[in-house]
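Listed below are the structures to be examined.
In what follows, chain A forms one complex with chain B and a second complex with chain C.
Up next, the complex of A and B:
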């Protein structure tokens, strides 16, 4: 159906391959020097394929390719103070949204003003009542990380909004 | 949409990311067994419920996940100030410019 083509909608949605994800809780970032933890909520560091997003004052989401698993686990194992590092790789799936209409598409479910989100940063927020993590990979490319059980709900809204965009609504 | 300033994220963010969590600055009694039934009832259930400035807890649950406190005008639903958990209750007169 021509009206559903990504070209007409101005945005494409791609489900990304599985990746290693760690939810880290830690009181003092100086105790994990090997992880390049950003300090400010929303900031994200990227280094050798690994990214670290600061979700809260003592909480980070670390994503790494499968090939970087051992190096990441070694860095986590070197932390010598009480902390929590939980592997949540399978808990979420990530959708890549890309195209000139990406902000309009995200606005179909996310109340946050994502036009103000700087490229290279991210945040935990909400998408039609499902908690999600949004990161801005480029001016017109976002990643949406969704808890697996909420993913069909979020995807259905995104697909509907894509059809509406393609139809010029 | 109502925007709420999160003192941890340092941004004005949509109300949908937040959850209300009751009146602020209610300290749990240090020795509960010493309280009379009336005092325990007051601690559990009796709230100020003002028409005017209300100090209340909020949680940025779909965000940084922190609890923080807010001073909100209950008539206009305007947030006068938000501040981090553990900080002292601000002076109402300074917030509104009116002595109470």
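Up next, the complex of A and C:
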């Protein structure tokens, strides 16, 4: 990156269709063999369209397509030990950000060093004043999952920053 | 073109003229000029008037330390900036610049009378003069002082520009792109480390831009610079930011950078922000900020045409501008000699070099003689003359430290150099310690608190060869410390200009030093005698001297004045400089616009505003909104011609008569799940939960450890191990944090988990006698008849085809339901109910009506009727305490002696004697309106409304011993009259039997 040359402005922002989303809290991952829970905070497993992101020592965010709802709930129902599985499908909105300048765009509001985030991992962090979950879907593609009422503010700042990138300064 | 521009000199583009105006006069400069260099090229030295004495002032420096050449600059409407430093502002086409602090004009200024009254305005003037009479302070002194205070005119229009911000992470951040910084960047960049190199000026190069004759690695300085920049540009791991000032150095290598993006552009690209704040987290920081030149302190050292020698060299070599034809150089450092030589070689005729040192290297004096410049060694300067521009300088011999025979030398500029101060501002931000170097008479970096390396002139080195070597070493070390494999490289330097100098106090004079206007701080008009006066009047610490004289307190933070001030203070005190100390530098390094700090937080994105899924309907139906925490909520829904009172009255009547709809989506919601959920709830809330059946809900009261009310809400039990907790709108995040805090630190053994579901659910409240009739046809899988689904019942079901959590609950005293559906369906649910509700004349109501309806029932609003000092007993809520519970948060505090002692403020109802009078919320209450002021206040009105249902005004208040004052008449003094009201202990004003609720 060389800031003396204009940055490529190509970043697209798309709001994704809703998915099934579960906030899972569980003390012992060995008790949920059907869910492929990753152990390390920030790691994500992906299987058959379902992803499980480890957000904390006992916390996971599970995302699945609507078609996988029944299978997901069956897997959750098979957990034999005390846990909490709360559906939060409507709590959040997911924005997909893609393009060569995506890291610069995210740097307009996210203090994390996302260049070092491996593809296929994620983290709970902030964007501007809103809590978000960031996942890296590909080298130049990220998802931002934002609480519903915070999403317009995040989107508005992303749009401002996109204009800024397009201006080339 | 103009007489002071030298063709074929400087880095300006001689083929690109740029038009601008100064005080309305049309002028021309060149692309690459700063505003200051363009004015100098036009022969203009007079650029402003001083702050206190309104003395005519010229530009002193060529950098961000400029104290005098501060101007208003304007691009267009809403794009005016006061106090722009002309030395930093690049020339752009059409730039409008205006001088400041003068009336009617820069050449003749009425305020200059202050200069002749100077003896009245000595240090501590304000403290001494405006003491008496006391009454004059408010009416006369303060308004006059405030009127005269401040430099420049604040803009009156809102800022038309936009601003940006960006985070960045790097292995090595190098601040200052002079020779040391460039060498560091090469060393670190070649190692593969991620490098950011920033410089506050328009192009990298630093002192090399002013010293083109030095030869580095076999190349002339500017060729070496071009080659170096080309190599760095080819490294993908190196980023160079120019026009970027490191303004603050914060904990753990977080550095704030203010980048100027468009102020230099003739036309601004659409969408381009004016400035950007970078927040950089660096593994290693290299400070290569260089050194700042000090003025010499002598009478008349502030006359236009008197400037720093290094600045004159910069104007000559970087901008191709000759600052004068017949300069006199006054110096205590070798560096100014080279300025004289450069000027002579450029065609100026330096008249003399006055050196206050008694011993100067023969090579310098020889070279001066070759140029035909008179050398005056071991002399002092005791004055200058000239009205708006210096025309002569008074030089004296010095014998035994005393100035003797004076001599006037005609000149058109005086170029002074009092030595160089290592720039340690950013290092000072880190609270790193400074060590006094007695030989250099300078503070140097001492103990470091951050991963920071200081190289070059910033740590007292002098000469291009030594700073290049130092920079390369620092860059290498920084890369190694960042975990890279780096090898140091060497640079060869020819035609270097190493040198030495001394630092002196004010120059000796043969005149009355008490009358000398020998300036130290040009921006704040502080002279040497002010410092001595401060010491005479008892100031001992440099911190006190600073505040008494305001030395170093201007926006330049004493970049030029601090060491001179310290030398004089230490001389006056008879103590060594380190014993007197140096004041602390604080961010920002240079003045920074508010816009840069605000970034994107402007206009629509000024503050995050949360809106519910139903908000678009409210907006389309003309709702007035009010902010509640970060949310905007529908406040009331006025029909054409209605004011708030009329609308609220109609909404209240319609709800009590038939049915009202209310968007309750903002209520905080927390899912409490796990086998220990009941235990957790028992410990958190005052109420008993163990016996609450599944499918039932209960009002819950939350206290702090101190026993005071923190929050409340209705909580439903949806399963043996599952609670749906609601909180106040503003308390949602706070309550979840408090619960997590207890769970993680006090009761980690509990198997229970908390999940915020505030935004998972959209909530529609239906309230009123027809609420069931409206809702019933939409409900599947649940019998909601009064018998099957009584007050405070809770269940999961389907409503209008959406999965729902249904509560029978009332915050109005009417039959009521709250329907929670997944947020994406909230608007659809609302619209279906609205449509079906037309047969019942359904009414949408907002928060104001909600407040009236709940007040009629005496339901409190936490935060309005409580203020963080009310216990459940104070608020009349002892019924909400589980008496048999062994413990809950706040329980022990409730039995502390002072919590049960008389004299506490308690919540009561208040009925005005005149039922048509609505009390003002917040109004103070007294027992005796005839007592002398200040009266003893018993409490205040917390809620007050007109109530149609009750047929009169109603109010709640917190009053000392309120519960014992049933029937007592109290007084509410207002500005023009006194109101009377009677206390009622029972705050339920409407339907006290709750017959409507259980309908």
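The rule is simple: the second predicted complex is superposed on the first by the 161 of 169 C-alpha atoms of A that agree within 3 Å, B and C clash if a C-alpha of one lies under 4 Å from a C-alpha of the other, contacts with A are read in each partner's own complex, and residues count from 1 in each chain.
What we mean here is this: contacts are C-beta pairs under 8 Å (C-beta built on N, C-alpha and C of every residue); 3 or more make two chains touch, one makes a residue touch a chain.
A quick note: this is a predicted structure, and the numbers were derived from the prediction, not measured.
Trainee: So, A:23: does it touch chain B (first), chain C (second), both, or neither?
Mentor: second
Trainee: With the two complexes superposed on chain A, say which partner A:42 touches: chain B (first), chain C (second), both, or neither.
Mentor: A:42 contacts chain B only, not chain C.
Trainee: After lining up the shared chain so the two structures overlap, which partner does A:111 touch, if you call chain B first and chain C second: first, second, both or neither?
Mentor: Once the two structures are laid over each other on A, A:111 reaches both partners.
Trainee: Quick one: is A:57 in contact with chain B, with chain C, with both, or with neither? Answer first, second, both or neither.
Mentor: first
Trainee: Between chain B and chain C, which makes contact with more of the residues in chain A?
Mentor: C
Trainee: A:126 in the overlay: touching chain B, chain C, both, or neither? Say first, second, both or neither.
Mentor: first
Trainee: Output check: A:153 vs chain B and chain C. Expected answer is one of first, second, both, neither. What do you get?
Mentor: After superposing on A, A:153 lies in contact with chain C but is clear of chain B.
Trainee: With the two complexes superposed on chain A, say which partner A:161 touches: chain B (first), chain C (second), both, or neither.
Mentor: Only chain C is touched by A:161; chain B is not.
Trainee: Touching A:138 in the superposition: chain B (first), chain C (second), both, neither?
Mentor: After superposition on chain A, A:138 lies in contact with neither partner.
Trainee: Across the two complexes, find the residues of chain A that touch chain B and also touch chain C.
Mentor: 111-112, 129.
Trainee: Mind pulling up the chain A residues that touch chain B in the complex?
Mentor: Interface residues on the chain A side: 40-42, 55-57, 59, 111-112, 123-126, 129, 131.
Trainee: Okay, in this complex, where on chain A does chain C touch?
Mentor: 1-4, 18, 23, 25, 27, 58, 82-84, 86-92, 104, 107-113, 115-116, 128-130, 147-150, 152-153, 156-157, 160-161, 163-164, 166-169
Trainee: Considering only the defined contacts, which chain B positions touch chain A in the complex?
Mentor: By the definition above, chain B touches chain A via 1, 8-11, 13-17, 62-66.
Trainee: Along chain C, where are the residues that touch chain A in the complex?
Mentor: Interface residues on the chain C side: 162, 164-169, 233, 236, 238-242, 261-262, 269-273, 279, 281, 600, 604-605, 608-613, 631, 671, 673-675, 721, 751-753, 755-761, 822-824.
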